[in-house]
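First the structure, in the form of structure tokens, and then the observations on it.
Chain IDs A, B, C and D follow the sequence of writing; residue 1 opens each chain.
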Amino acid sequence: MAEINLVEAVNLALAHELARDPSVVLLGEDIGVNGGVFRATVGLQARFGPERVIDTPLAEASIAGVAVGMAVAGLRPVAEIQFTGFIYPTLDQIINHAGRIRHRTRGRLACPLVLRSPAGAGIHAPEHHSESPEALFAHVPGVRMVIPSSPARAYGLLLAAIRDPDPVVFFEPTRLYRLYRQAVEDNGEALPLDVCFVVREGGDVTLVSWGAMLQDTLAAADALARDGVSAEVIDVATLKPLDLPTILESVAKTGRCVIVHEAARTSGFGAEIAAGLAEQGLTSLLAPVQRVTGYDVVVPLPRLEPQYLPSVARIVAAARKALEYA
Amino acid sequence: MAEINLVEAVNLALAHELARDPSVVLLGEDIGVNGGVFRATVGLQARFGPERVIDTPLAEASIAGVAVGMAVAGLRPVAEIQFTGFIYPTLDQIINHAGRIRHRTRGRLACPLVLRSPAGAGIHAPEHHSESPEALFAHVPGVRMVIPSSPARAYGLLLAAIRDPDPVVFFEPTRLYRLYRQAVEDNGEALPLDVCFVVREGGDVTLVSWGAMLQDTLAAADALARDGVSAEVIDVATLKPLDLPTILESVAKTGRCVIVHEAARTSGFGAEIAAGLAEQGLTSLLAPVQRVTGYDVVVPLPRLEPQYLPSVARIVAAARKALEYA
Amino acid sequence: MTTVAAFEIDHTQFLDPQGEAVKALPPFAADTAALVAMYRAMVLTRAFDAKAIALQRTGKIGTFASALGQEAVGVGVATAMEGDDVLVPSYRDHAAQFVRGVSMVESLLYWGGDERGSNFAGPRQDLANCVPIGTQVPHAAGAAYAFKLRREPRVAVCLLGDGGTSRGDFYEAMNMAGVWRLPLVIVINNNQWAISVPRHLQSAAQTLAQKAIAAGVEGRQVDGNDVIAVRQIVGQALDKARSGGGPTLIEAMTYRLGDHTTADDASRYRDAESVREQWTFEPNLRLRRYLARIGAWDKEREDALQRDCAAEVNAAVDAYFALPPPTCDAMFDHLYQTLPDALEAQREEARKFAPKGEPQ
Amino acid sequence: MTTVAAFEIDHTQFLDPQGEAVKALPPFAADTAALVAMYRAMVLTRAFDAKAIALQRTGKIGTFASALGQEAVGVGVATAMEGDDVLVPSYRDHAAQFVRGVSMVESLLYWGGDERGSNFAGPRQDLANCVPIGTQVPHAAGAAYAFKLRREPRVAVCLLGDGGTSRGDFYEAMNMAGVWRLPLVIVINNNQWAISVPRHLQSAAQTLAQKAIAAGVEGRQVDGNDVIAVRQIVGQALDKARSGGGPTLIEAMTYRLGDHTTADDASRYRDAESVREQWTFEPNLRLRRYLARIGAWDKEREDALQRDCAAEVNAAVDAYFALPPPTCDAMFDHLYQTLPDALEAQREEARKFAPKGEPQ
């Protein structure tokens, strides 16, 4: 079983589905000859041809719009938006069409597309290359919003996303693309798109995160463990639809919850989880919910990235604060 | 002092600023000769000329983009997007430019634009004409997100929005446009853009809402009062930046909170308020926070609108549920 | 200075406003029965429009967009298409949809505020009405891509308005279609108005057909009040697309004789005189005059057709009224193929609070 | 069929690749000192590019986009402009920016990951670099609208790439500029590549200049390796814009001789041979040859200029290194004109947790 990193896992899942299902096509900027600016699609055009691995003109709104049309006409398009900073023009198509087509035609037509995009900060990239707009998509009825946080989950969740009969937005944390390798078997087994993964068990505090921040959250759990605090860590993975029960169950045990994400705090997806706790987990809560997030500022250019991104220290401090309450 | 409805209040504020400040211009589809599809700009082109009240081609992304350019070059553009269902193409310009220009030029350039749009359901309009995407804009650093809920607040908040040195997104609840009249003096007095308004005082439960839902929320408060329950009602008005302290103060008094909005629940702005309570108001909370919202579905066509919109009955039931806890 | 590129836009008309052929008609026009069928479709659309407006005025349906004066565009386009081509319409294209097999009951349901109206029993693969202007053009390009990839001899046909040509989506998608030589025909119903915005404020381009040049695509203009011209030019574009020749943009010159929709009052922004003048060019009259000229039409047949269409429309209205209302479950039924667990509680809540007196 | 519209796209070149004038040069070219100044600007840009790439390779700045081979576009455009015109650049336009008065230190700061790089001490009203492709075109149109409304004799000049012409924003904004006859000049740096996507996969349009036709705007093509042609054609467009004649689209034909950015490896998608061939057309060589032909240049002057530019670049690098790093407050300082109360706590948190060893 090969040890691969996250971007290789993405490539593997794409290749698997291209080989398995002739209706799968990939489209996006620079995904063909160049293999994608992060190499996620490397080798796929050579293997599956330029008709199925399509280099598009530079037009994000229509990459999404064409994918909608393809999906309605029976293909399974997997569109890449080169960076999440350039994904905003797709929102019109995702909100006004992808998420509605099944509903408004009473199931006559469907829109099984995947919109992939490398997401997040921490790779010292230029402006607009470090964004985390998952909360925008999580608000959209009729779509799914998925963010893997390990090579294995990237492989299994991407398979599931491509096979899903409805539109899925799929963010890939650039910071994790090459961070580490993991044994991933190319067995075609999809992971479920409606569960949160408990990636570390613990009894004192629940740390909830997703995407690249999961690494820092796990590091925070390690740091806490060194001080005798046992943290449970949950990878949300699928933000929409949200598996709140798994989070509630954990908080029922720990009584404390720290939510970690790198997007701006206000109206970020952490708010939804905190709201879920305030509504359905209030009696479990022994301490105020803590959100450790990006600030409500523009993601800064690289020199201030370390100040912007939630650090292990901030996560640990938030957990400690939650633990202060009796 | 004239009694005017909300859409007339919008018109009055626009006229006031056009007359006061030669750098104010309006632009949008059908706002000139036609006076806007809701008549919000009626008479303004005749009075201020087609150079300052501009009928644009049909292109929302560039209505926003041109407004950004105007603002950077010293004008005070007030752009209208005909319905919020057509506002998504503006997100790219609002997120990637309007909210960033001051920051990324260290204050050298600024972007004092207003993006107005009639919002919300309940007027039996066709598809895509009943949306409430305020949570999307509330997530964007560097912008303000404002929704008035009365003629007087529409007038005062719109004046403030136009005068604000930074970008403001301003939703106007279509359901309230002609619902009722109120005495509004055209005195040019702006309201603050960073406070929530306590519109009814009460001690038993806090009802928090904005926009058109405020009417139903007030009706719910009336219904509760008939049963001896005293509800405090807060009009959030400015969602971003959020005046959480006013809400916390109320909940400190009542111990119970019901948040009402018509947008889809998941990742809606109610989540941010509930999260704020879970973080900073936990010790005040005597009962789980309740959200009464649109369902996580596509806003249906008119025949099911009554089933979609949060009803007075749902608000009352949520308040009662909150009151059940000891 | 050297010239590196040169372009021309042509314009086609067969029938002048008097219904006289200005040149030899295309072969399909030799089939009088086919022309009569087209005329019938145009008259039926107009009868439907009048009834739908009346239904809106009495609160039986919601806002409605009439095709008055633009019947030849829809009918010309749809009669040129094959059954398994795909129509990608805007919201004003029931003339084409009826020819394609969408029922008037479905159209009434749609405008009556019920999603069942987009579940066409007829052309199952045609897209539903598109309200966000211009956003359907990429859909048509995507569908065309699927046809090309699967080597199916099918064409996607997209309709949009003059206002729609100002949207980036139109241009982006046409550009992609050009690069990929997609089997796509885009037809602009240039009815001279986008609500209150007149054509000259929409673009400084002399023609809208020339927008094709930006994408390296063929652009043609046609008299949109001449259904024979529309069908012929669209037919040529379909043939070209089907045989691998790539996309075409066609601008059909018409005039919106009615209000934009029932929510609009066009008298606010255009004078009655210029509208009256446009009535002399309208497409139904033109085809009727031609049919009369060739002896295929007379007052008697006209009266019979009008009665016939009225009866058909009335039957559709009755059928529409007879349908049971949707239940609140309809909000959840087709949101996803399978409703996620997370939404079960919301469906319960909706059921519980379905307003009294409202359908449950 | 009648022809209802016809168009031509012209192409302008003054100097051929050998630096020989193929026709009479425009008047400004009689001023040799001006030409030398332009040449200097082009050489300085190239020296800066080489240094910036080296700095990136050693981790001293972040990703960097070089203008290699496209110096004539920026220098031609900027020398044609007036000081109070406004430049609306993309991210590859430091050639133009340096002529406009942006400092190399500012450029290094920008690419070094520090927002202070966009706080130009020089052209205070020029827009900052635009990274989201095509989104700057509406900004330029908006600024042009402001100039027109205030009756200021100023022009907005927008630069974008061949890839950018596929974005809806470009088309939408150009269309508005056409309708409103705005004082706007849009210049496409058609360097034949959008990262790995070659020009022919970007659009089926024979020229990019013809995209103007879609908006009813004048479109012209120019040899972008000929700085005299660029300056002349841009100058004509500026004159037209300033005198109320409306917008112009200019396609400057160049070639991206380097990688897309330092994050790119162009050898993955294009062969070295075709790049080598393009070196024979490059703009600096061409102008130098012309200057040599007219006796205004020789090896000695070239060596001196190279030394001079190297020194200037090195001084800028030193000044860049000498600047204190930004503090974490910089994230909050200019987010709004006045920081909302709601953000105070976050600023406090940022201060408290500013990483150790990092600037506080």
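We adopt the following convention: a residue touches a chain if its C-beta (ideal position, glycine included) is under 8 Å from a C-beta of that chain, and two chains touch if they have at least 3 such contacts.
In this text the structure is predicted, and so the values were computed from the model without any measurement.
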| item | value |
| --- | --- |
| Most remote chain, CA-based centroid, reference being subunit A | C |
| Averaged-CA centre spacing for the pair subunit D and subunit B, given as whole angstrom | 40 |
| Distance from the mean Cα position of subunit B to that of subunit A, given in whole angstrom | 30 |
| Centre-to-centre distance between subunit C and subunit B (centres being mean Cα positions), rounded to whole Å | 36 |
| Whole-Å gap separating subunit C and subunit D, where each centre is the average of the chain's CA atoms | 43 |
| Residue list for subunit A, restricted to those that touch at least two other chains | 56-57, 59, 61-62, 85, 89, 92, 96, 103-104, 127-128, 141-142, 241-242, 296-298 |
| For subunit D, residues that touch 2 or more chains besides their own | 115, 132, 166-169, 172, 175, 179, 201-203, 330, 335, 342-343 |
| Chain contact graph, described as a line, ring, star, complete graph or other shape | complete |
| Complex contact set, residues of subunit A against subunit C | 25, 51-52, 54, 56-57, 59, 61-62, 64-75, 77, 92-93, 96-97, 101-110, 141-142, 165-166, 194, 241-244 |
| List of subunit B residues in touch with subunit C within their complex | 29-30, 32-35, 37, 55-62, 85-86, 89, 124-129, 265, 295-298, 300-308, 311, 313-314, 317 |
| Sites on subunit C touched by subunit A in the complex | 86, 88, 115-116, 118-120, 124-125, 127-128, 132, 135, 137-147, 149-150, 156, 168-169, 172-173, 175-176, 179-180, 330, 333-337, 340-343 |
| Complex contacts: residues of subunit C adjacent to subunit D | 1-12, 166-169, 171-172, 175, 178-179, 181, 200-207, 209-217, 221, 246 |
| Subunit A residues touching subunit B - in the complex, by the definition given at the top | 61, 85, 88-89, 91-92, 95-96, 99-100, 103-104, 127-128, 133, 135-136, 138-142, 240-242, 263-264, 266-272, 274-275, 277-280, 282-283, 285, 287-291, 296-298 |
